[in-house]
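Structures follow.
In the two complexes below, chain A is the common chain; its partner is chain B in one and chain C in the other.
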Partner chain A sequence: MKYSIKHLILLMLALVFTLPIVILFLLSFSQKWVFPKLLPEKLTLENWIIILGDGHVISNSFVISLSIALFVAASATILGFILSRYIAYHPKRRLLTFLTYFPFALSPVIFAICLKYYFIKLGLIGNLYGIVLAQLIIALPYSIIFFLSFWNQKVLDYQNLVYTLGGKQKQAFLYITLPLAKSFLIICFFQCFLISWFEYGLTSIIGYGKISTLTIHVFQFINEANIFYAALSCCLLILPPVILLWFNKRFIIQQKG
Partner chain B sequence: MFKPFNKTFNFSILLLFTLLPLLAGLGYAIAYSFGLVGVLNKGFTLENWKILFSTSEVYISVLYTSWLAFASLSICIFISLAVVLAFPTKFKSGIFSYLVYMPLAFPSIVAAFFFFQFLSNAGILARLCYQLGIISQISDFPNLVNDSYHIGIISTQTFLSLPFFILLYASLYQAEKLEDYQKLAYALGASKKQTIFKISIPILLKRSLPSIIIYFIFKLGSYEVPLLLGKSSPETISVLAVRKLQKFNLLDIPQGYAVAVIYAFLVLILLFIAFKKSKHQYEV
Partner chain C sequence: MFLEVKNISKKFKNHQVLKEICFDVDAHQTLSVLGKSGCGKSTLLKIIAGIETADGGTVNLQNQNVLSLPAQERKIIYLFQEALLFPNMNVFENIAFGLKIRNTEKHIIKTKVTDMLSQLELDGYDKKMPHELSGGQKQRVAFGRALILNPPLILLDEPFSSLDVETRSNMQQLYKKIAKEYQITALFVTHDLKEALLMGDKICYMENGVLEVYKDKQSFIRSEKTGVQNEINFWNNL
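Take a look at the complex of A and B:
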């Protein structure tokens, strides 16, 4: 009896984790879903062919979102890696960590409305540069906080050993620090990619409706009650993270542990 | 030559990308709310704050947002603790070690869309109830999205937070050597119930408290989910602030900034508590 209840709980848990993806994919292949039919009636590849076709707004916004996310992730990871070292060995580490945490903890959409004035003055509203900068402002604190756990006594000891043995700063960085930080860099890149990829509120305010990322399109389709295109856009939003999560699972478990 | 760890360079970048935007953004919001800057403002005034606090809108919004965060986190922590204590090693390897990550691939807006399709009157749950003969028409199904009990928002927030807490408790279970404590408790004559409620749960909750507070802060700032699944009134802090700032009534803008200041102050206090509770250096 106990055994079957445990199995039932696991089955429910598996359903909770997988059902959303299955449903969204089913809807993305559908064009008709009238109540009370449980499943969509007409399954077709037509939506995907139309939307992924050359020049369609969705395929364009997919490329825009991907470019923004890759650039933000790369910049935030590199800068975060450098700045976290500065904070980690700083006498005021706790204060600087707190100050770094604050922008990360703030709601991006509220942070965006507070910064909007400056973005207008700098001519960064409604263009790609503005969105990249705004997303970098929220991704960088995350990256810094993430790398703080990397800069421990062990890493410092290894670096000092290189200097003691006559090695230079560049050599210590290239042959000791970077190899040790490899998995951290991969995970951080991935997490920053997700922060940018998932962003809606901040992008809608700084983008001012002129830059259409995938999340903006999902919202538009939902507002238009176009559930099939919304589901398809959702699938496009989910696919890269699912692939990356699958690929990086091992690293993430290590990090969380 | 470019030195990646040059102190001046590091401090300048830190200032430029994290501290300056924070100070500039909040400074502008505070100045606007007190009438010091802005199109219609004419100098220092407390009028905007008085107007804001003269109605119950902002009080209700803060309470409502806190309640949503509290409810979704409580449910999430309850489920995560139950699952991890029942299956402590299930998420280390095998299919569940992959499946548990699935909700992490969902942006809030996608999760909100799915739960709308799942819980609405014409959604999957309603269709299932119809097929099972529980309801006979759409209107028989209760409102579970944009509803008075906020079921849609709470379900979505719980779904989004669940993997984080399951993984957190699974890793704490190993790190805190809970299995050893449990064996010791059994050897000393404790029952299974006593072991769970007097040893395992208190240790897990105590160790996860700073993470819970940080997650609570994140939930306070949630925007997309309440925007799509919430009612027009009450509104969460983020939705209220954005509505006041983005609508065409210019007289509402200072109050919108005042709401943003209240929210930032709330986050600051909670963050301070989280840092105080954390004995270790704070990390993600």
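Take a look at the complex of A and C:
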């Protein structure tokens, strides 16, 4: 009895999580779905064909979002890895760590308004460079905080051990530090990718309507009450994170194995 | 003298960790450094190894002051309290590491590592990963990784402190055997009185950053501060 109740609860939970996604996909394949009909009147690939067609605004924004997220994730991970080492072994580690938390003290929208003046002065409003920089201001501190836990005494001991064995700094990094940090680097890359991919407030203010990422389009379609296109954009929006989650899960399972 | 340490001092903020440390070690000898935790033993070893800087003094190894050299060029190997086997490498790769970074030819590496595994009684363990080994086996691999390079000086920082009594005793015997075979010159740091007596050809005692070197084991045993007399009294009165 206990066994079946447990399974029923698990099944219900699975439904709660998957049903919105199923509905999202159903909506993306439909053009008319009116109350009280249980299912859309017609299921068609038309929305997908139009939107993913060459030169359509959504397919373009998907490419822009993906490029921004990949660049931000890669830059934040690499820079965060290097800077966090400097902070972790610095005599003023506590102060530097405290300062790293600063971008998270404000909401992204308020933070963006604070930054806007400087971005206008630097000519970074309404272009890709500005958006990348704005997102890095959030993603980089996250990456630094993430890696601070990696740089502990043991990692330092490993490096010192390599030196006493006659190894150079480059060899210590390639043979020891990098393999030790591999899982940290991958997870941090995923997290930074997600930060950038779903970023809305900062991007909409710094982008100034000139750069449309996928997240901005989703909100536009919702405001226009275009639920079918909004659903389709949402499907595209969840696609990369789902693929990354799958990789993440696979990687973690492999690590545990 | 093979190793000559003169007037080594070290201060961390306002705390004087090492005060004008002087001692010397003959070739193929092991000097035991006994002292309580936090007395400055590890700092002394790290300065000699080149992974910590000294405020003053000299370290002459084979008549060359090595203090200005980086750790990579000193040819002094420091064995940490923990075995610190590289977790991404198996036993063979761990032992071969020093040879690999020196671009030694593969067939030489294979021969040398196989011999070393045999010396350390680790035949058949070459493919094992560090997490598959016991504490004693890990320490053996750490020894092998250092010994294969035939370094002029090895610094051992309480290498057996985390092992159980039996494994510790086995490792002490193994070290004695290997030290004799490979004619090792070493500094052996420990906080264990018995271990200091067993491992060292010469013994010194460190307290509050001051090192006292005893000319022989008898002087060490007679000294009040080393704690040997208290130990003897304890067993006599039991």
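A few comments on the model shown:
In the analysis below, the second predicted complex is superposed on the first by the 243 of 257 C-alpha atoms of A that agree within 3 Å, B and C clash if a C-alpha of one lies under 4 Å from a C-alpha of the other, contacts with A are read in each partner's own complex, and residues count from 1 in each chain.
Please note the rule applied: contacts are C-beta pairs under 8 Å (C-beta built on N, C-alpha and C of every residue); 3 or more make two chains touch, one makes a residue touch a chain.
Here the structure is a predicted model, which is why all the values come from computation and not from measurement.
On the superposed chain A, the positions of chain B and chain C stay apart, so the two partners fit side by side.
Once the two complexes are laid over each other on the shared chain, residue contacts for A:Tyr158 go to chain C alone; chain B is not touched.
In the superposition on chain A, A:Pro179 makes contact with chain C only, while chain B stays out of contact range. Of the two partner chains placed around the shared chain by superposition, neither chain B nor chain C is touched by A:Leu124.
Shared-chain residue A:Ile64: touches no atom of chain B or chain C. Looking at the superposed arrangement, the partner reaching more residues of chain A, out of chain B and chain C, is B.
Here the apex is the CA centre of chain A, and the angle it makes with the centres of chain B and chain C after alignment on chain A is 100°, in steps of 10.
When the two complexes are overlaid on their common chain A, residue A:Ile51 makes contact with neither chain B nor chain C.
In the superposition on chain A, no contact is made by A:Cys192 with either chain B or chain C. This overlay, made by fitting chain A, leaves chain B and chain C with a least C-alpha separation of 17 Å.
Touched by chain B in one complex and by chain C in the other is not one residue of chain A. Only residues 6, 9-10, 13-14, 16-18, 20-21, 23-24, 27, 35-38, 79, 82-83, 85-87, 93-94, 96-103, 105-111, 113-115, 117-118, 136-137, 140-142, 144-146, 148-149, 169, 173, 194, 197-198, 200-201, 205, 215, 218-219, 222, 227, 230-231, 234, 237-238, 241-242, 245-246, 249, 252-253, 256-257 of chain A touch chain B when the two sit together in their complex. Every residue of chain B that touches chain A in the complex is listed here, in rising order: 3-5, 7, 10-11, 13-14, 17-19, 21-22, 24-26, 28-29, 83, 86-87, 90, 92, 95-111, 113-114, 116-118, 122, 124, 126-128, 130-131, 138, 159, 162, 167-168, 171, 174-175, 214, 217-218, 220-224, 228, 237-238, 241-242, 245-246, 256-257, 260, 263-264, 267-268, 271-272, 275, 281-284. Here chain C touches chain A in the complex through residues 46, 49-51, 70-72, 74-78, 80, 82, 84, 86-88, 97-98, 101-102, 145-146, 149, going by the rule given at the top.
Every residue of chain A that touches chain C in the complex is listed here, in rising order: 154, 157-158, 160-168, 171, 175-176, 179-180.
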